[in-house]
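Structure below; questions to follow.
Letters A, B, C, D, E and F name the chains as they come in the text, with residue numbers starting at 1 for each one.
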């Protein structure tokens, strides 16, 4: 019955890619900890690049600076 | 001073329904733990069905399959 | 398939009280949004009073000041 | 390598204000705990006022009531 | 620069198993979305079985009932 | 009424340092967005180094490797 939350920047991940994240992390929990996939919940949050910071700067600013 | 986060799929919950969740869970914390409602915070996240998985599949796919 | 996270300060909530929170919020989601209780997940976090702040002060300090 | 999540109501915070939150909280973690800013992650969530409750009411309702 | 939070019940996961979760989900984000592993953060929360509910019951109660 | 969650590794932060994080981030939200400090909630999570990963490795392993 694990719960997984994946946060990524909103930069065009497709429904198929998000489905791969859901199936992949669910399988990982089966393989490593023998968790029941039927009650494993995965939630993906896509976050605007203005709203995500690393190194004290937003991703928007870092992208503009070529980082 | 509890903090409650409720995550549901984005499928048309109305403002009135969300208000019922807010008042209901706040009252529950008063009833069970005598918490002060004035500092009880509730945040509701509505998540796209492509971004929510259970059983290794997205809710979008499960809805299409009639699950 | 909702997911609910309830954060409270660690101040002696009993297993029975936590069970009441779990059953109460699960029922609330049935009543308000007709959600399936079998896939509704609730996680309760109990947080040390040194690690919870409101009004710019920790709960530990507020308790000592009689707030 | 801290991770900080800031949740605010969606009421017009500008990109510049969000950049100030990102740089400010990153610097705070440097100053207080000597954390490495290069691996400090900050995520800001902006939440609709219908989806945020305090005192058992949504912010939308509280704003209308002049609270 | 993704952030992943994995919540499981506290039931004896070893450091090695947790390392496998960290490396596995980091690699998944490389494979599916070409994310930079060096800034991918993973946090695992282990939750007491009294504090985790599904189907309106705590895991402690479900384990006792043989569910 | 913001809510802030700060996650750090559990490596001996003192009550005083945590109080500085609480007061500092509360003041930051006053300064940048004119938020009411009386309803600003801050929760600090301290996470075991086995349970925190970056670059695909746990912090425990990285510390041992001198990273």
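Assume contacts are C-beta pairs under 8 Å (C-beta built on N, C-alpha and C of every residue); 3 or more make two chains touch, one makes a residue touch a chain.
Since the model is a prediction, treat every value here as computed from it, not as a measurement.
Contact with subunit D and subunit E alike is made by A, F. A centroid comparison over C-alpha atoms places A as the chain most distant from subunit C. Comparing mean CA positions across the assembly, the chain most remote from subunit D is E. Centre-to-centre spacing of subunit B and subunit D amounts to 20 Å, using the average Cα coordinate of each chain. Each chain gets a centre from the mean of its Cα atoms; for subunit B and subunit F, those two points are 25 Å apart.
Across the assembly, subunit A contributes 1, 3, 7, 39, 41, 43, 45, 52, 54 as residues in contact with two or more other chains. Judged by the touch criterion defined above, the protein chains form a pattern that is neither an open path, a ring nor a star, and not fully connected either. Chain pairs that touch, as defined above: A-B, A-C, A-D, A-E, B-C, B-D, B-F, C-E, C-F, D-E, D-F, E-F. Interface residues of subunit F facing subunit B in the complex, by the touch rule stated above, are 1, 3, 39, 41, 43. For subunit D in complex with subunit B, the touching residues are 7, 45, 47, 50-58, 60-61.
On the side of subunit A, the complex with subunit B involves touching residues 15, 18-19, 22-23, 26-27, 37-46.
Against subunit D, in their complex, subunit F makes its touches with residues 1-9, 13, 17, 20-21, 24-25, 28-29, 31-33, 35, 39, 52, 54, 59.
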